[in-house]
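In what follows, a structure is listed as structure tokens, so that the remarks can point back to it.
By letter and in written order, the chains are A, B, C and D; residue numbering begins at 1 in each of them.
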Amino acid sequence: MSLNTFGHLFRFTTWGESHGPAIGCTVDGCPPGVALTEADIQPWLDRRKPGTSKFTTQRREADEVRILSGVFEGVTTGTPIQLMIENTDQRSKDYGDIARAFRPGHADITYHLKYGVRDYRGGGRSSARETASRVAAGGVARAVLAKLVPGLKITGYMVQMGSRGIDRGRFDAAEIERNPFWCPDPVAAADWAGYLDELRLAHNSVGAVIEVVAEGVPPGLGAPLYGKLDADLASAMMSINAVKGVEIGEGMASAALTGVENADEIRMGPEGPLFLTNHAGGILGGISTGQPVVCRFAVKPTSSILTPRATVNSAGEEVDLVTKGRHDPCVGIRAVPVGEAMMALVILDHLLLDRGQTGGARGVIG
Amino acid sequence: MSLNTFGHLFRFTTWGESHGPAIGCTVDGCPPGVALTEADIQPWLDRRKPGTSKFTTQRREADEVRILSGVFEGVTTGTPIQLMIENTDQRSKDYGDIARAFRPGHADITYHLKYGVRDYRGGGRSSARETASRVAAGGVARAVLAKLVPGLKITGYMVQMGSRGIDRGRFDAAEIERNPFWCPDPVAAADWAGYLDELRLAHNSVGAVIEVVAEGVPPGLGAPLYGKLDADLASAMMSINAVKGVEIGEGMASAALTGVENADEIRMGPEGPLFLTNHAGGILGGISTGQPVVCRFAVKPTSSILTPRATVNSAGEEVDLVTKGRHDPCVGIRAVPVGEAMMALVILDHLLLDRGQTGGARGVIG
Amino acid sequence: MSLNTFGHLFRFTTWGESHGPAIGCTVDGCPPGVALTEADIQPWLDRRKPGTSKFTTQRREADEVRILSGVFEGVTTGTPIQLMIENTDQRSKDYGDIARAFRPGHADITYHLKYGVRDYRGGGRSSARETASRVAAGGVARAVLAKLVPGLKITGYMVQMGSRGIDRGRFDAAEIERNPFWCPDPVAAADWAGYLDELRLAHNSVGAVIEVVAEGVPPGLGAPLYGKLDADLASAMMSINAVKGVEIGEGMASAALTGVENADEIRMGPEGPLFLTNHAGGILGGISTGQPVVCRFAVKPTSSILTPRATVNSAGEEVDLVTKGRHDPCVGIRAVPVGEAMMALVILDHLLLDRGQTGGARGVIG
Amino acid sequence: MSLNTFGHLFRFTTWGESHGPAIGCTVDGCPPGVALTEADIQPWLDRRKPGTSKFTTQRREADEVRILSGVFEGVTTGTPIQLMIENTDQRSKDYGDIARAFRPGHADITYHLKYGVRDYRGGGRSSARETASRVAAGGVARAVLAKLVPGLKITGYMVQMGSRGIDRGRFDAAEIERNPFWCPDPVAAADWAGYLDELRLAHNSVGAVIEVVAEGVPPGLGAPLYGKLDADLASAMMSINAVKGVEIGEGMASAALTGVENADEIRMGPEGPLFLTNHAGGILGGISTGQPVVCRFAVKPTSSILTPRATVNSAGEEVDLVTKGRHDPCVGIRAVPVGEAMMALVILDHLLLDRGQTGGARGVIG
């Protein structure tokens, strides 16, 4: 889990820059014997694809994935799976300002400071385009999970745009796929549409909060103490572009609870212990409880905006920068499928890790 | 960074249970030639030590650290440093209920589910006692950092207890060491004292939010994309017992900002680029900017409380459990030195990783 | 260093099957600012390329490498470098027998036993074709080494074919590039040509011993105790297809030496300590001494031969198998550039690891 | 598998210097629920213990192991197992010469060059004493293997001392435990006794070759391509002090074989495929075949000898050095239990890794 690789046993390494010939990832450690074709991965990529509404970047990318290895006659072989997505809409325009000036709030300056050199075209390696590779890897993880944990269900949605949250009383899972914001609250979705339009026209952008829930996660996943399920989820989500906060269960709000309130009391259900609440977000001591795993993360507003901001360039000159080009007014929207993918990747990784160490043996209750 | 090891190049592995003969950790990858004795580590442990006020557990542990290897004639040799802390106050009392019943909100049940067996004495491996090992490892990291990055300063403090936050207008760094809560706001500290006393007497507990700030962090630290500085901090903090949320800079609140607000504008200062604000918390694209690195995390309330809670035991019987014994009414208090230690460990690890990959070369501005 | 990834800080992950659309590798951790184009890598691949003499497989592969990421305007950026080599001569012939029967001495049967499924076309993942990816990664490592350690020189050659060794008295470095065997002894080369022709016509194959020497390796490289320079070289060479033994310096013959004979005595030279002999092969305690690093490995004979051998197929039927197709009569020949590449990769990895941990500081003598 | 840690999933990290207060190791990733006490580990340590005959160093160490964590009520809990061995016979003598001069053939000089500082007492970290920690870790691995792979049997023995090999026709497994050399050939054992006595009295030392065989290894273990079973064994054995060569099956001799000779032909036995020979040493393509895994390694002669050798000291002065103290005339003898331990550790690690990735599923034959 270093540099460009994520995972313990189910590991993927992403590569590629926004405007290079292609991006992709190598998935290593995939169990053999799982049915897999491009058609299993493509739908997930299509969900993240830019240009599907006026609320996302107008870059047009087919985001067509090719499997170059690791699959034979439609089945995984246990060897590395190479996934490649060609970049088709990388306009070789004049990058003029961006090539030298550093967008405030963007990784331009830190890549420059660290490496002394950077591919400035479209953000290069720090572009959100890299997340397409994660979604592709997530597609592989989902295919494996579908076989190993049939009941597992991962759902991501946006619960806040700017300071406007959803009303949980109106939560409707079916609504999520019906609006461009993956919003489970139809009223909030309508409100956000107007709000984001305003911001967009005002050459501004805004942040968001995404929630990802995994139902049907077996208990016992997590590798204490430094590969805890929640620690790995935190790392996974924080590694997504523009993410600044990660929460499990009650998250930051758990600070305001008392021990009496926070205790998820337990009774015996027909099939074993039953938690009466889920403040813990499905994880205790870094190990899954069997309840839904609930993770939220905050995405900051897109830093590439048409409003001029004060900055400097590599020559040390002070300039006011306007970022032209095609950008998401709320990059959080497209982070939803990415968060889902990371959830799938972390769960599968821990499933394999757990069966490696414990053989998947479970303590009995009752 | 798997199971019980943390870090890429500066790695530590902790071991030990709350009521076993000892706990400790192996620090591997420590640069040679750094002056180090027990006296460099002990003060950090003393800060975390239980029993220093009525607001922490009354367990009395000397928490005396011994260096068993890796140091010769007062200097690190580059070989593994073994740090051991003997457990001296592990009362061999009757664990009766705890041995079989699972405390709601505690890792008891997940360790049981995962491993089928657990050391129930004092929480075993899932006890906050493990954090003493981290603080000891952090002491080693601080000694190295003092040599390699002389200006570096790491400060942790509590900014919220329950729903009661500090007033940042009253922030006084000198105050932090003067109250039992590491609180930088004297008014809040006084308020918390009364509040926590009440809770304690009511057999209850409460959560908290800790903030850790590192000043003087060189720019360029961070290993995109999956070993980002913020991703590793998120993993580090989330791995601390009872932590449920981690934030960098504006954190979850960044969702509510617009792009215009969030952009940390840049001007040229006498010694290079100067950020006018620090919404980013010192990290862009997973790489340090040179500004203070700001990290916050929420600690849930202690789950071991004297108020009876509904639960089950390993026989599958429904019981009402009261957790006797010596417990922190606000375990967040003692998490402050732990958060500082994790910050030091992550920064040093990335410093070494960066000089490995880039040789510490930096891009020039101006 | 697990599954399909090799290296600590300079890590590469290879992917691809012999008869899939392409093979390649992801090089992660490459220092930024190093001049690199396909032209820096291609010459190394050309050395390993099949079909260059009658003594190697007649498969015709251009083995043309493409850099898909990590390089911008001819310079490495510090981000992952994706190298892809398309398979152009993967004849879609009838694999009939091979698809079901297991070649004796080949990985066919173990891949089947482990994974339950395998890409049998041309050996799939276990084909020596995978080594092209290593040679490509090695080309990147060489470009970096050329900048960081200008005096470094890595030379591989064959010292034994079958039971016929070279005469070290006739060792002529210039000869290595002049014959199809990378043989430094012209007399042996002539002898081998006749011998191998005979074997080839007799539908047989033969093993070989390769020696790789690195001159100009700085002292101090190696990460005791389990990432020792020699342990990593052993792992690197043993991971090459068909390798069954690895030696450092005197190797297996050191068993026959006495302590008086084996001690490489030291005197002071004009620029520091000078070893009078090099039984150690440039490595003591897993750390480089500054002397030439000398590594040898034995390659077993190609298992795909035209002589019928007794085996079974996946149906459990006993069959006599003749392996048709295009195969190397002495696969050791093409292992020479692979061994050189692995040497380059291990040395660079340890160079970066060392400067990470120690900052490249060296103890002084004199 | 970096610095002082070995293993993928079953990982151990050793620590400690020859003359510090203690040595030991942390075993992480041990499956839970395995019966384990000090009594399961101690016998293996006793086999490696110095001072048991006149042919090993006269240092008197009880080598008594203590389990400090990870075991509760005699059963492993899945948490890290800390094993500690106190150093009891570290004479604080005058190290005079050794403290400054570098023993030819010893790691003294490379530790100095790498770290600039070293614990010179008894070789410090580079002492063969570190191997006691491996043997202790190996004891844990054996306890787990006894449960998971009941039929597994690991046997190590010496097959060559100096240039004197055993006669395989006289191989008698029962003989191994009867002589101080772990020699399976009673005639050779008698011969070696006289030979080593001579060498010892002549202030000399000698090398050896050790063979370790694991019978009952399940097929399918090994993680191609860079965590191959043989690559990991090569790394494991080469990491043992003084080892200069590692062989699998035919090893270096496989170079002299033809493909017809080398092919291990296969027939169907009553329970599945049956290999007629085992030139491969039980490993094909880095994956176990189910045949005995055969590994050999060469140990160079002890470099600490009483015969004066030319060297330099840290001041750069040329000196003639005689190494006094208690040293093994043939350090290969005590490497036998170490080699066995490494074999056990590698096999268990791959067993867990395999069940993680493939779930232990196996391809069917017949």
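Going forward, a residue touches a chain if its C-beta (ideal position, glycine included) is under 8 Å from a C-beta of that chain, and two chains touch if they have at least 3 such contacts.
Protein identities per chain, from UniProt: A, B, C, D = Chorismate synthase.
Everything numeric here is computed off the predicted structure, so don't read it as measured data.
Novice: Any chance you could check whether A-B or A-C wins on number of contacting C-beta pairs?
Specialist: Between the chain pairs A-B and A-C, A-B carries more contacts.
Novice: Name the chain whose C-alpha centroid is most distant from the C-alpha centroid of chain D.
Specialist: Centroid comparison gives A as the farthest chain from chain D.
Novice: Approximately how many whole Å separate the CA-defined centres of chain A and chain C?
Specialist: 38
Novice: In angstrom, rounded to a whole number, how far apart do the mean CA points of chain B and chain C lie?
Specialist: Here chain B and chain C have centroids separated by 45 Å.
Novice: Measuring centre to centre with CA averages, how many angstrom lie between chain A and chain B?
Specialist: 26
Novice: Counting only residues that touch at least two other chains, what does the list for chain B look like?
Specialist: Expected reply: 2-5, 14, 29, 32-33, 78-79, 114-117, 125, 224, 353, 357-358, 361.
Novice: Could you list, by residue number, the parts of chain B that touch chain C in their complex?
Specialist: For chain B paired with chain C, touching residues are 9, 29, 31-33, 78-79, 224, 352-353, 355-359, 361.
Novice: Can you name the residues of chain C that touch chain A in the complex?
Specialist: Listed in rising order, the residues are 2-5, 11, 13-17, 20-24, 26, 28-29, 32-33, 66, 68-70, 72, 75-82, 84, 114-119, 124-125.
Novice: Can you tell me which positions in chain B touch chain A when the two form their complex?
Specialist: Counting only chain B, the residues touching chain A are 1-6, 8, 14, 102-107, 109-117, 125-126, 130, 160-163, 199, 204-209, 219-228, 230-239, 241, 244-268, 272-273, 276, 279-281, 283-290, 296, 298-305, 307, 309-312, 314-318, 332, 353-354, 357-358, 361-366.
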